[in-house]
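Contents: one structure, followed by commentary.
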């Protein structure tokens, strides 16, 4: 078994459980309990593709990110690396916000509007928008709004939306940007991904190659135990968790603001994957992935198969 | 000066009839076929390219990880597929339009600043200061200003391209102009040439080696920037160029397509070097004996 | 010295009044010429003669308008020279004065067309004429880097002469030429002068060339260049071994006593 | 040649006493204070910098949108805060280490390839072909190879930096070397200098203007690439250089800090230009009269 | 022509056998010299004389090892010349042969140190000696771009002479010098020869210089350069107006008849 575990995280409050793992050295603790001496190396990436390359080149053990990248790499590596999800760690909604007062539903967008989202077509936001478009405009209309979407990173998207100086009138984004924007009186919410999918869905997961998984059963076990402890901690003492997060990330949010985000009812902290199959089916139907999982269990390793995923 | 060598005195004066130039005619050295083939640049370069392709293929097979580094043949297949279904040509066309616009504007502004730097001392200071300040700034630094001035889309990318072309071209042009032989400058001034005539008729030809280098570097960095910029700056769906093609395929782990995109960049690079820059050099600096 | 006035008639075309010329570099300050006075009249064939490094080229460049005097004035037709101009065509001493990107023909055409002084046809004709004079017909379309040193200088001479400027400033134009070519070019220059009465300001190292070409000869001292003497030549000066010896003595004596003795 | 001008004959021969060089002493032109101040490059450049800062401040105030474009004073404040608490210096240090390593290695490899190109024809073809192929490729194209060869972290960034420095430096060096006067080359060969001695003693000094331009362009593009590369490659917790600093702050919409980071890049650019490149030019090409 | 054999004793140091030299450019093929034969013996002061553009510099460059003959052979001590080397120091015709990044002193030191022929101290001493000979003491630390044309050439001459090579190849070294400086440099060269018996291969345009310096003079025809005659000088040749006239006639006649007449 490995004695250094390399885990990648990204930015944002949704990675709170991973931040707690790092700050409180929970993995090391649980590994020790299993008789392993593991040191953890935490890496940061700004997007999924660098991370995927890192994991495929054997420079990374656990990657973390949205459902879209997970499904993509799962689909692509079935014949070789067999990358699968280790676990999810949250379920959070995505909001489509706009400054255009005329837009009440996504049907109201016109050619003059531009919707910023992290990556046209491939990001989870883009996929969610397509699902919503298909619901709103009918079958085969999934791409209806694609022509007014535009790729911008979260911060750039927020700046573009709020500056009011560009043609960007809507932004499909996640916490904390989504909440931050809604604090501005000009901004209102048009779409909530929970509504689109009919309930809470997983936002972030972790994944690894089958080779790593099979060679390191104890590490996986320790990791999952540590993650459970972190999530329990968040639920038990969100204020403290928020404080740790703000300090570790040098966030400009106050601990109170962060705690408010953490405890919002729609933001769930859980290992259970949710609505994975819905995304997978849709992505399969648009051709974005070439394999179709029969169940969410195809996408995740057996360690969490006991959970009530979907 | 007295002649002191004994034998020298004994040498006799000798006289010869010479032949007229016409009588002599051309004399040419014979060259073997092998050395003639080897003397052909295109032949040597083709060899190099084949060698590189073979190395690529072998190394990629050895790695056997086509999600990371596909083989040359996989790349070529992807390339032809994407060419055949029209995707790549369309993307290349989108990129090329933006690229050439940015490149052209960048060169024009570089020309303007460099000429300014020629005329006034403050212009030169301005060029030096601005270059030192802005040249190291990455494209993302320009994003806010680009958003304010041009909004999203092609115009902003052009703006970023200008930024990447302008400074290296201006630096090379300025250094080239400053290295022009003082005698040639005086010749130009002697004829009472105006500023633009001096630039056109003296400085540009005299500094051509530096200028061409600047153009080459600018061209390469325009490509690099274009591909990166399409990621940073929004691309509306469907309208993206080669950079977006690469990014999209990367996100979908279609790595062979990613490499097909990069391969296209390489092909364009080779074509531009071989057809444009090379020809330019052959017809100018080499012909004029300014470069060996 | 500068207050000695020479008897002249009419206004001089070019006059240098106590002209001091300097080069300032990072490392040093070199005074190339010190208070040089002389006057060139229209249609003079005025020769500058002096030891290597005495400032002859510098004076020519100052008259050409490339260098500003530190002291004194250079007047052309009574007006200060402020900038170079095609009324003063310069043949430089350096071999790199031809544009490498122009063929022999194009180089000769260049000033004629650039200044617009001659029509295209006329310029072409003059170019052909001078290419023949410098015997480079075979090399008319060759680029300068394929020419020998002397061939390059001949092109530069042709380029200057073809322009027929008011003043032709020539800096050792014939130094790189063999005796025969030199003779031929000298004759060509004098023929041009006969035809056009162009004013010549001519730097040379050769005393005999000075006597053959010039009607007035300015003798300069070693660095910093100062005027040692100004001498006129007569009809048959080139036969006058005495004149040649005198110039030799003046140039190579340390003071002007030897010269005065001659006078 | 007969003298035909009437007045010329009447002019008299005149003779003068000359003064010795020692007797003359130095003569210097007087220059007014204003023009001396103006003649001072540092003074003019300071003026330019102040003007730019003022323009920045005014324009930013006019925009009044500190999410996009903070004012100069806000940036300066953020800069001093981050300097004071040690964050910026630490980040700069991390970046500079990587940058200098990449820059240094890039220059070495460029030197190697260029020298190879000098010796053999196939070397020259190789240089031309490789440059045309790889120079336009963006850093992300190298990511797979970098990961395979060097893994994550500083080494991979160095690899990407080498890529961004190598080609422009090699292009400029090659063009500079090829433009060296044939006479000077012959002088070097005449002394029987070996290859490295020729490069060191003839080609490098003779091509210095081009080389310096190459170094300047390479330096600037190393910065650009570094900042972009830190994003693509990710960083281990707590490490990360200036690029990461900029990205982190951008993520938190601390735009003043983002600009403080960019401002640092600008300051370093100015310092390197003013202290290193400028001095180098003064001591070499200008002093030697190779550039006006 | 090439089969005419001249009576010689001992092996020649340098011999050219039917050497044809060509320049091939994109635009044309120029035959600079055609089947030139001559032999230079040790300690000869061998002069090449010929019209501008006849290939004198080209021959020198071929002996220097910079150009390969298209036909024929160039042998040095019986061995083919394949590359340049410091045994054949070359003084070029061009003004840009000095390294602009070295001062006058450093330029003169350069070959002595680069080849390691002289120790540091010895090289310094020789440099000082030759700087004095070319009268550039005041400019010892000046960079070449601040020198006049003649001063640059003097530095190049000093650099070549200071090296004391086996053969000194000089391409019109004195062309840019005034009469006095030229005289002085010529004497200096002859003194060097007296001291070291260096073999000289010397290109000049001046017949009188050829007679003053040389013991053998090779006369070349116009382009493509062919040997017209090879003439020896005697003790007092420089007083011999007849020799001068003969050379003049040979050089400038179209055929060799005039020459034959003289002989």
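For clarity, chains are labelled A, B, C, D and E in written order, and residue numbers in each chain start from 1.
Rule of thumb we're sticking to: a contact is a pair of C-beta atoms (placed from the backbone, for glycine too) under 8 Å apart; a residue touches a chain by one contact, two chains touch by 3 or more.
Owing to the predicted nature of the structure, the values given are computational and were not obtained by experimental measurement.
Among the remaining chains, those touching chain C and also chain D are B, E.
Where touching is counted per the definition, the chains common to chain B and chain D are A, C, E. When C-beta pairs in contact are tallied for every pair of chains, the largest tally goes to B-D. Taking the mean of C-alpha positions as each chain's centre, the chain lying farthest from the centre of chain E is A. A separation of 82 Å divides the Cα centre of chain A from that of chain E.
With centres defined as mean CA coordinates, chain E is found 44 Å away from chain D.
Mean C-alpha positions place chain C and chain E at a centre distance of 28 Å. Of all residues in chain A, those touching 2 or more other chains are 53, 57, 153, 156, 159, 163, 165, listed in ascending order. Touching two or more other chains at once are residues 65, 68, 144, 147-148, 255, 287, 289-290 of chain D.
For chain E, residues touching at least two other chains, in rising order: 27, 94, 96, 143, 146.
Which chains touch which is summed up as A-B, A-D, B-C, B-D, B-E, C-D, C-E, D-E.
Residues 181, 183-184, 186-187, 189-193, 197, 201-202, 205-206, 208, 284, 287-290 of chain B are the ones touching chain C in the complex.
Looking at the complex, you find that chain B touches chain E at residues 1-3, 5, 7-19, 21, 24, 26-29, 282, 286-287.
Against chain B, in their complex, chain C makes its touches with residues 61, 64-66, 83-86, 88-90, 92, 94, 96-97, 99-101, 110-111, 114-115, 143-146.
Chain E makes touch with chain C in their complex at residues 23, 25, 27-28, 30, 49-53, 55, 57, 93-96, 141-143, 146-151, 154, 172, 175-182, 205-207, 248, 251-252.
The residues of chain E lying in touch with chain B in their complex are 1, 4, 6-10, 20, 22, 26-27, 29, 31, 34, 41, 43-45, 70-71, 190, 212-213, 215-216, 221, 223-224, 226-235, 238, 250, 255-256, 259-260, 263.
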